[in-house]
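First comes the structure, then the notes that go with it.
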Amino acid sequence: MNLLDTLLRCVATLVVFLVLPLVVGQTEHKVMAHMQGRLGPMYAGGFHGWAQLVADGVKFAQKEDVVPSGADRRIFQLAPAVALLPYLLVLLAIPVGPGGFVGQAIDAGIFFVLAVMGIGVLGSLMAGWASANKFSLLGGLRTAAQLMSYELPMLLAAASVAMAAGTVSLPGIVDAFHWWWIPWQTIGAFVFFTAGLAELQRPPFDMPVADSEIIFGAYTEYTGLRFALFLLSEYAGIVVVSGLTTVLFLGGWHGPFSDSLGWLWTLLKTFALAFVVIWLRVTYPRLREDQLMRFAWTVLIPLALAQLALTGIIKVAIS
Amino acid sequence: MSTLLAAAGSLEPAVRSFLSPTGQEIVFLLVGIAVLGAAVVSVTTKQLVHAALWLVVTLGGLAVEFLLLTAEFIAWVQVLIYLGSVVVLVLFGLMLTRAPIGRSPDADSGNRWVALAVALAAAGTLVTLVVDAFRTSWIDLSPGAGSTEATGTYLFRYWVLPFEALSVLLLAALVGAIVLSRNGKGRIPRPRPGKLRTPVRSVTAASKER
Amino acid sequence: MNLALPILVPVLPALGAAATLATGRRVPGLARPLAVLPVAVSAVLALVVALQLGTGTTLSAGTELTPTGGPHLTLALYLDGYSSLISVLVGVVATCVQVYSTAYLKDDPRYPSYAALVSLFTAAMFLVVYSGDLIVLLVGWEVMGICSYFLIGHHWETADARSASLKAFLVTKLGDVPFLFGIFLLGADAGTFRIQGVLSAAAQGRLGHPTLIALLLLAGVAGKSAQFPLHTWLPDAMAGPTPVSALIHAATMVAAGIYLVARLLPVFLLSGAALVVLSVMAAVTMVGSALCALAQDDLKRVLAYSTVGQLGYMAGALAAGDREAAVFHLVSHGAFKALLFLSAGVVIHAAHTNSISAMSRMDGLRRRVPDAYWTMGIGLVALVGLPPFSGFFSKEAVLTAAEHAATGEAITNGLAPASAVPSAAGWIVLVAGSLTALLTAAYGARLWLVAFHGRALPEPSPAQVAANGHEAGAPYSPEIDEADPAEAEPSAMRWPLWVLAVPTMGFGIAGVRSDWLPALLDGGSLRPSLETSVIGTGLAVAGLLIAYAAWRTAAARQTAVRLQTPDRVPEQAGPPAVEQLPADPGRTLLGPLFGPAQHGFGVDRLYSALFVRPTAAAARLVQFLDREVVETYVRGAGTGTNALGWLVRRAQNGNAQAYLSALVAGAVLLAVLVAVGS
Amino acid sequence: MHLAYPAVLAALLFCVGVYGVLARRNVVLVLMSVELMLNAVNLNLVAFDAWLRDALHAGQALTLFTITVAAAEIGLGLAIVLLVFRTRGTADVDRITALGDPAEAADETATEEAQAAA
């Protein structure tokens, strides 16, 4: 492992980071359209509008970058980057295939991932506060409250897996995976995935950006490329959460021919989960704010604790 | 994170002298200057939210310092707790106490010059004492001393009882915070879950009540 | 003999007093029976006890009260002829006074407490008389002092009464302090406080310091019995209600001193010096008080000074070594002085004034109060000492005793050899007594003539007379009208007069003609000797005539002046005061002495200069020291603390950051100090 | 690594925190400064743990505990701050002087207002 290798891995991760969210975004467009009985983008790029998001990006780039006069300029401009960067860092630590097919093998992988993801909330808060807009501020506050609440069940569910595997290293966890872990950790998977959804502020947990109440929350004042960065961070978040769920609960690269096709399995599982995320958006209505908090504290945390207890009991029983 | 350490330079204690610092020392020094500068800005800026954001920089820089001191687990805990929770809480508190955008002329109290004098005196004393006391002390850094495995080992082998006591403390703090935050003996009727006719109880409602 | 009866005598009035006090406020109707009955029953019991005891015997009984380190205290009775006689006198006078008071203080709202105090006063006097132990006697003695304080101050609304009661209390206490030491010394010398033991010790000559003891006791006696120089409280005590004056002057308070000396006479006889002192005291008292009485305008003050004088007679008899004569005079004086005071009360009540000069301007006063007029006349004759009234015999007994003492054959009735009494004491008493007889007759006649036989001036109404009738500048103790104004002489006020008039007229003859009185006492003779009878009676008659002549002269001159200036308004006082005033023989007789005599020869002023002012100055000095010196420290402590608190409070401004700054600065300072120091 | 680097950095950071605690008016900023001081302590603990290399790793364990306690502290502290802000309408340290002498406090408030007006 030398500096060149490290650099290469980072570049690869960057590429993945730029490509996968676009794919997920395009998928969302089409899937939502078909679920709602329409076609979705059809013209950009020719075949079923495959270049729609590229066109969107070009459009965003062309737009004027407006900063409200009452806003705190620097923080306003910095916020999208703060929101986006943590996902890039997280992506670095997610293993795709066996044998070091990973951006950076970090010893305390789960820890790193969750810690860095926690920083993302800062971006929303900064954006909400710096916009000098009361809807934005409310959105920022809602984001903070929601993310603080859902981080705990997420951590607990991840801890359950780490306990089962006996390591906090992400490749280590995937290595330790057996098929019967899926029923064993199913509650944890549900909790982790749901909490991750809430972290992303995806429907039905999109109270912070509820357009019918507070327009677009923290992102109301953003236009152009900065708004695109926020959108990008959301799709990157979908990728990250799906990938983490895959790695932690669905066995990652495990599957037939995992030695050669492991990376494919990982990607497939990730995309399946991303599809579920889109599907949920179309299916469920938005939760009310108090229902949201109540759900986190009275459903997810007890479930996560129960999963933790179950994991501990079975772990002791096995050994 | 051993690569980061490796990138920073050799771990071998080659020549020990101030005049020829190792790469690690240089990195530590640079990050330390950044940390210190961010801290100073954080305690002197007149923009309240900026102070909190500069605090983020300070704490993040400290996490890097922890990494450089081979305390890897602690570094991530630092990121998780401080950056992910404490600073968010602080920002939350600032926003709930209506921190304005722009400069607040009354961010500093009239005690400023006394505080400066006291802080400078303390700094002079402490730095003098520390430098004098540890003039010839060197740290032998070896990777792995702060790894997750080592941490788990000592934490659950030697420190179980304090760990459990700490959990009780956290529980008490949780209960205390909830009790303190309750809105004054139920003056405002609680919304009943699952019934749509009750008004939305949210941060919006809370801020309107005030 | 049954001991219950003598014990009941002092106890009954005390219980009556307690009952009156307890029920007085709630059941006012019960106050009068409760006041009169116990005292009356006590009087009867005292008489019964006296009769049972008989003559020539003594009774001494006692039970140890409490063991002390020194001489034991005993609750003891000592009965002999003296105590029998005086207890009967006390009982009779107290009963009369209580009966009289029911009418005199008919509408007084504080009557219950008044009656209770009179009862208590009586009980205390009975205790003094019956007590066989000096300490128990002292208890009664002091209770009398406090009762007199309350009774003289009965009308505490007036400044006179307040100051008079305070004065009486303080002056008698002034005497009581040496008296207390005297008793202690006596008890220490004799080894017991029992009177019997003391007397036997005196007889055996076991007393180490007789002169000192006698002089110390004399101070207390002078205080209680109003002898010079502690007599000044008695005239002022007239501020009390008239019945109280009667009680104090006749039977209780002043009699206590004489009784005590009579009881302990053997002790006094051991010391010739003490007897001489006593005789000088008595002589000064007699003559001075008689002169004062001649100049007084206030009816009650005249009587008060006469009391002082008669007490001087008794003290003189004691100085001459004859306690029989002293007690004889005490009893007869008690009867006629009570009579005089009670009748004076009637007169004052009828005239609405104390002033005899004002009375003289009233027309027909003697016709409005005939009983009082006559009984007062009887009392005055007895006071002057004309035969056959009781005063004559008792006074002659005193003079006879003095004569015997002067010639060296003192009548000591076996208590001591006749030589124990210095002849100088006898001479002093004899001369002073004779002079006093003359003066007494003069002021008695003056009182009688001026009060009842003045010529009415054209004053329009008695009320105006009451308002401004008394002579300007004269000592005056106004009496608040107590009795029922509808009736000049209520029967409850009239009958006691006649009851008392009987012994006034008859006691002397009874005492001399039969031998029961001497037999009851020491057994000596009480018959007057021929020489003293002639001298005394002659002087008295001379005094009467001189006073009458002076009165006629003054009256004639006044009529002439009035005729010359018919339209002059009396109040516009340009000419000499004589013209303004009714005919006053005292002014003529005394001449330049009149003014000083009117004010008691300035004894009060002397005291004021000698004692009151230095005391007040010392008090002011102490006050200054306390206010300005001591309090400066006290205030300084407070101010200093305040200033310190202000300083500290500056730091406690509630700003947590300021506190923290100080804290951290202190910590840094400590660290530097430790680092530098080590 | 020379021990003086982390030690001096920790000392300076601590003093910066001290300054912040003493000089800041807003309570939330004071809490932030407290966090700075705690972090300085943490840095010290970690550095000395690395220097001493004891088997118990007392320094690192204590650092973890400190971080936990700091989290509890900030939670409780902010709850108190919000309560104070709710009841008093201010989050300024030097206006929360109810424990001081009332007259003095009133004086100081008056002078401060005068200064602010000037």
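Each chain gets a letter, A, B, C and D, in the order it is written, and its residues are counted from 1.
Keep this in mind: a contact is a pair of C-beta atoms (placed from the backbone, for glycine too) under 8 Å apart; a residue touches a chain by one contact, two chains touch by 3 or more.
Per UniProt, the chains are A = NADH-quinone oxidoreductase subunit H; B = NADH-quinone oxidoreductase subunit J; C = NADH-quinone oxidoreductase subunit L; D = NADH-quinone oxidoreductase subunit K.
Just so you know, these numbers come straight off a predicted model, no measurement behind them.
Participant: Using CA atom means as chain centres, which chain is nearest the centre of all the protein shown?
Facilitator: Answer for the innermost chain: D.
Participant: Looking at chain pairs B-D and B-C, which one is connected by more C-beta pairs in contact?
Facilitator: By number of C-beta pairs in contact, B-D is the larger.
Participant: Centre to centre, by mean C-alpha position, how many angstrom separate subunit A and subunit C?
Facilitator: Taking the mean C-alpha position of each chain, the two centres sit 118 Å apart.
Participant: Can you work out the whole-Å distance between the CA centroids of subunit B and subunit D?
Facilitator: 11
Participant: Distance between subunit B and subunit C based on Cα centroids, please, to the nearest Å.
Facilitator: Distance between chain centres, rounded to whole Å: 100 Å.
Participant: Averaged over CA atoms, how far is the centre of subunit A from the centre of subunit B? Could you give it in whole Å?
Facilitator: One centre to the other, that is 25 Å.
Participant: Quick check: what residues of subunit D touch more than one other chain, meaning two or more?
Facilitator: 18, 21-23, 93-94
Participant: Using the touch definition from the top, which residues of subunit B touch two or more other chains?
Facilitator: 73, 77, 85, 89, 92, 96, 99, 109, 111, 114-115, 118, 122, in rising order.
Participant: Residues touching two or more other chains, restricted to subunit A: which are they?
Facilitator: None at all.
Participant: Can you work out from the touch definition every pair of chains that touches here?
Facilitator: Contacting pairs: A-B, B-C, B-D, C-D.
Participant: Once bound in the complex, which stretches of subunit B touch subunit A?
Facilitator: So the residues of subunit B in touch with subunit A come to 1, 3, 7, 47, 49-50, 53, 56, 72-73, 76-77, 79-80, 83-85, 87-89, 91-92, 95-96, 99, 101-102, 147-149, 191, 193-194, 200-204, 207.
Participant: With touch defined as at the start, can you tell me which subunit B residues reach subunit C in the complex?
Facilitator: Within the complex, subunit B contacts subunit C at residues 109, 111, 114-115, 117-118, 121-122, 125, 128-129.
Participant: Contact residues on subunit B for subunit D in the complex?
Facilitator: 16, 18, 21-22, 24-25, 28-29, 32, 35-36, 39-40, 42-43, 48, 51-52, 55, 58-59, 62, 65-66, 68-71, 73-74, 77-78, 81-82, 85-86, 89-90, 92-94, 96-97, 99, 104, 106-112, 114-116, 118-120, 122-123, 126-127, 130-131, 134-135, 137-141, 145-146, 150-151, 154-155, 158-159, 162, 166, 169-170, 173-174, 176-177, 180-181, 210
Participant: Please output the residues of subunit D touching subunit B within their complex, sorted ascending.
Facilitator: 1-9, 11-29, 31-33, 35-36, 39, 42-43, 46-47, 49-51, 53, 55-57, 60-61, 63-65, 67-76, 78-83, 85-86, 91-94, 112, 116
Participant: Considering only the defined contacts, which subunit D positions touch subunit C in the complex?
Facilitator: Checking each residue of subunit D against subunit C gives 18, 21-23, 30, 93-94, 96-101, 104-105, 108.
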